[in-house]
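The two complexes that follow have chain A in common; it is paired with chain B in the first and with chain C in the second.
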Partner chain A sequence: MAKVSFHHNDGNVDVLEVDPGTSLMRAAVTNGVAGIVGECGGQAMCATCHVYVRPEYLDGLPEISEDEEEMLECTADPRDEDRSRLGCQIKAGEGFDEIEVDVPASQI
Partner chain B sequence: MTAAPSTPSNAQDQPNPQNIVIVGNGQAGIQLVDSLRKEGYAGTITVIGEETHFPYQRPPLSKDFMAADKEPKPLPLRAEKFFTDNDVDSRLGVQVTSIDRAGHTVELSDESSISYTTLVLATGAANRELNVPGSDLQGIYGLRTLADAEAVHARLDTVRSVVVIGAGFIGLEFAAAARKRGLDVTVLEYADRPMARALSPVMGNWFAQAHLNMGVDLRLGEGIASFTGGGSVDSEGGHVAAAVSTTGETYPADMVLVGIGVIPRTELAEQAGLAVSNGITVDSAMRTDDEDIYALGDCANYPSHHAEARTRLESVQNATDQARHTAKSILDTHDAGRDYTELPWFWSTQGDLRLQIAGIAHPDDETVLRGNPDNGKFSVFCFRNGRLAAVESVNQPADHMAARRILAQERNLTPEQAADLEFDFKAYSKAAAAGV
Partner chain C sequence: MTAEAIAARPVPTADWVTIEDLYRNPFPIYRKMRSEAPVHWVPAVNRYMVTSYEACHTVENDQEIFSADETNSLMKRAMGHSMLRKDDPEHDVDRKSYGSVLRPKAIKEHWNAIFQANHEKYLAGLKAAGPGADLIWEYAAPYAAENLRLVMGFHNATQEDMQRWSQTMINGTGNYADDPDVWAASEKSYNEVDDAIDEILPYLRKNPDSSLLSGMTSMPIPLEAIRANMKMTIGGGLNEPRDVLGVAVWALLSHPDQLAQVLADPALYPTVFEESVRWVAPIGMYPRETTRDTVLEGVQLPKGARLGVVVGAANRDPEVFEDPESFNINRPKKPHLAFGGGNHYCAGAWVAKASVSGIALPQLFAELPNLRLDPERPAVDAGWVFRGMTALPVRWDAK
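Up next, the complex of A and B:
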């Protein structure tokens, strides 16, 4: 299990224990984490699962694919060159056992 | 048409909706719940789903869900907590059996009834079914619901040869997934190219070759004539053993997947006397010819700004964008006009091929290629009357996103620019989106 923390703008934090191979988007949607939508079902088509990864957890994450790169240019809240990722492309156990992300104010 | 279209509404004339009933808890219905609350609606919401399962996403069912390496899990559309947090009365495993328009109530299959001030039909579509001889044999599946997907997935572990009827999106997504599992896959398609209804001929033909290269035995111009049974399963009427095509060929089939399109679920609307023509007829605000009833998503036939014609689309984008629009129509909170004008876009994942479409292509559009099809990364630009109408991309997400920006802004480019790789399409699209 990996520990995933979703930090919200109001200071609230959702902390989830996530099975290996499960994406941040799926974990968030399944558990009702506010602000993560996942409208396209994890196909990197919609950019509604945008998160800002906290800097100390960036190392070891999988590289940004061409699909993800294009969608990150279309996020509702501004992209952060270093920290922005799509939650559907980051999976527990693939580069981290623990991760903390900030949830953007808007996704659409 | 059974009645004149309703006139555009005016905020002051509308009663404040207090009791909204949504029939259908798919992508459209659930997004509408979300959007109504986001728009500030504080009245009651009842959402009725005929499946017993909690609302889930359908698109992965024909793709990731069919992979061999894991126990598949459906992806919920929202968590259970969403429904309690938003004070939504979610009814599962129950159908609406009739609408009483005069009395503003719906009757349910559990013999209860619910009154509404606004009713929304988000009833979706049902799979078209085959009626050739042998269609009732065991081992012949459709693929739409989670129950369908679970049955198919369970069956895939035990079969060698699969016959797919219909080379549309669902059939080909499934065919590619089955090939990835090492199964023998035959696809029978009556038309002379795959996905003929949705894709330009050049892209359709490219996909035909790509599937042959994947090892799919794709048979074009060859429909299904009948199924024959075998004795492998002790079920009534027997189990499918082979598919016989319209040209008389016989293909062994341990299982059959039927993907021959869908029929919009309009039966409730028809019973209630609402206008129906290839879907429930709505205006550009998603309202039917009854001013208290709306329809959206797969079941709705709407005046499409981009297609310049009445259209019915089956896609996530169509369902969710129309839901956001419908919420504003119901609550009269449109700030950018009541006409729905969102650009349609689509995607399909077939093995390693990712098809993305922006706009709506017609078979007779003038087409221009950008990039080299032999590399498996290219786009087809479709022009109609000298204007860019649609862009189809394979493994070329930058072109797709640029096309969405250009088409949404209704900006044009020339066929020469489209074909010219020196022309910076992405930068051009961003400038267009920024209003330059």
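Up next, the complex of A and C:
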């Protein structure tokens, strides 16, 4: 299990225990975490699963693929060159046991 | 039976629903159904219709219980077994064969210039037809068809072929009455599309371009899957951009305040697009089938239940959208379900947005001064499985 914390703008935090292989998007959607939409089900097609990874957790995350790179240019809230990722492309157990992300104000 | 199933209520029947009423205006029917239960058995449609946002969303995101691979699917008969009727992992193989053709980078690099040229061509046609012309049939339909023809790589067909193929095969997918004439027209198109694919693939192998079919030549994908996916994309990629374009123009022309706001701020066209597909989802309903007994939002469903996922109703669910029956570009932004969701999320969503709200809408309103509805001939909106404008006569002033 990996520990995933979603920080919201109002200060609330959702903390989830997530099975290995499960993406942040899937974990958020199944547990009703507000602010993560995930329209395309994780195909890097919709950019509605945008998250800002907190700097201390960036090391070790998988590289940004071409598809993810393209979608990060289509996010509703501005991209942060270092911290922006798609929640559907980051999976528990792949580069982290614990991660904290900030949820953007808007996904659409 | 699980404890959950015992607590669940049986599915109510909506025997008062008729196809004729749905076709004319489904929204009052959806409103009544949604207020009673999230799912009904509807004898006239021979399906369980899922009308609440929450229930539609659940179905879209659970392909293990709600399979896209429907038994006795008319779509499979009319178009072959495409990705739209497969579950993962089989679906994923087909979907990956579309590569990056329909994604934002390719749109920016290749397709926008082509959409622009097509817009100019069919706008000239509309102007030549003169005030009183029908915006759907003089402009939106050929524009959408020609865009799709080039994105797909059918260099050996015309936009008129695309429109005929699309409509006849769509009629096949909806041929519940088993009308032999409908099947004959649908099969003729089926064969014509196969022949066109057979003819064009060798050409594209020698003269590659950015199209879907060109991409297919280097993909490890069986010809049978290519044929089915192309037919499904002809059926699913033409009427929808045409219809959102028509509905968006009609909505703006019938809401002068919002039109004035958009004319003053063209950055709002993407918002107009999103609100138009929310308000009138071009694909109002699509099918799924349960793989086991289950409970959906508190309602019992048996294994093998044929569902209609009514995103046209979900998009007007008052639990999610305030004053949902109104067209309002200023409503708080919420995700609608018009492009579906989960693994079958529309592959052409970016193409539709680029061609309709990036190019067509802003330029139509800029190029046709004082664009307005024709006071003499009414606009007509119709349909429920697919819904859009069947007539949109417009007038404008000379420049």
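Annotations for the structure displayed:
The definition used in the following text is that the second predicted complex is superposed on the first by the 108 of 108 C-alpha atoms of A that agree within 3 Å, B and C clash if a C-alpha of one lies under 4 Å from a C-alpha of the other, contacts with A are read in each partner's own complex, and residues count from 1 in each chain.
To be clear about the criterion, a residue touches a chain if its C-beta (ideal position, glycine included) is under 8 Å from a C-beta of that chain, and two chains touch if they have at least 3 such contacts.
None of these values were measured; they are calculated from a predicted model.
Because the two structures share chain A, they can be overlaid on it, and in that overlay chain B clashes with chain C.
By the document's definition of touching, neither partner reaches A:Thr75: not chain B, not chain C. In the superposed model, A:Ser106 lies in contact with chain C only, and not with chain B. By the touch criterion defined above, A:Gly21 lies against chain B but remains apart from chain C after alignment on the C-alpha atoms of chain A.
Of the two partner chains placed by superposition, chain B and chain C are both touched by A:Glu39. After overlaying the two complexes on the shared chain, residue contacts for A:Ser84 are found with neither chain B nor chain C. In the superposed model, A:Val29 makes contact with both chain B and chain C. When the two complexes are superposed via chain A, 205-213 is the only one of 151-159, 205-213 or 223-231 in chain B with C-alpha atoms clashing against chain C. For the contact definition in use here, the residues of chain A common to its chain B contact set and its chain C contact set are 29, 39-43, 45-46, 66-67, 70-71, 73-74, 108.
Only residues 57, 59-60, 63-64, 70, 75-82, 85, 316, 320, 324, 347, 349, 354, 356, 397-398, 400-401 of chain B touch chain A when the two sit together in their complex. Interface of chain C with chain A (complex): residues 60-61, 95, 100, 103-105, 274, 333-335, 339, 341-345, 347, 349. Chain contact summary for the complex, chain A toward chain C: residues 29, 37, 39-43, 45-46, 48, 66-67, 70-71, 73-74, 106-108. Across the complex, chain B is touched by residues 21, 26, 29-32, 38-46, 66-67, 69-71, 73-74, 108 of chain A.
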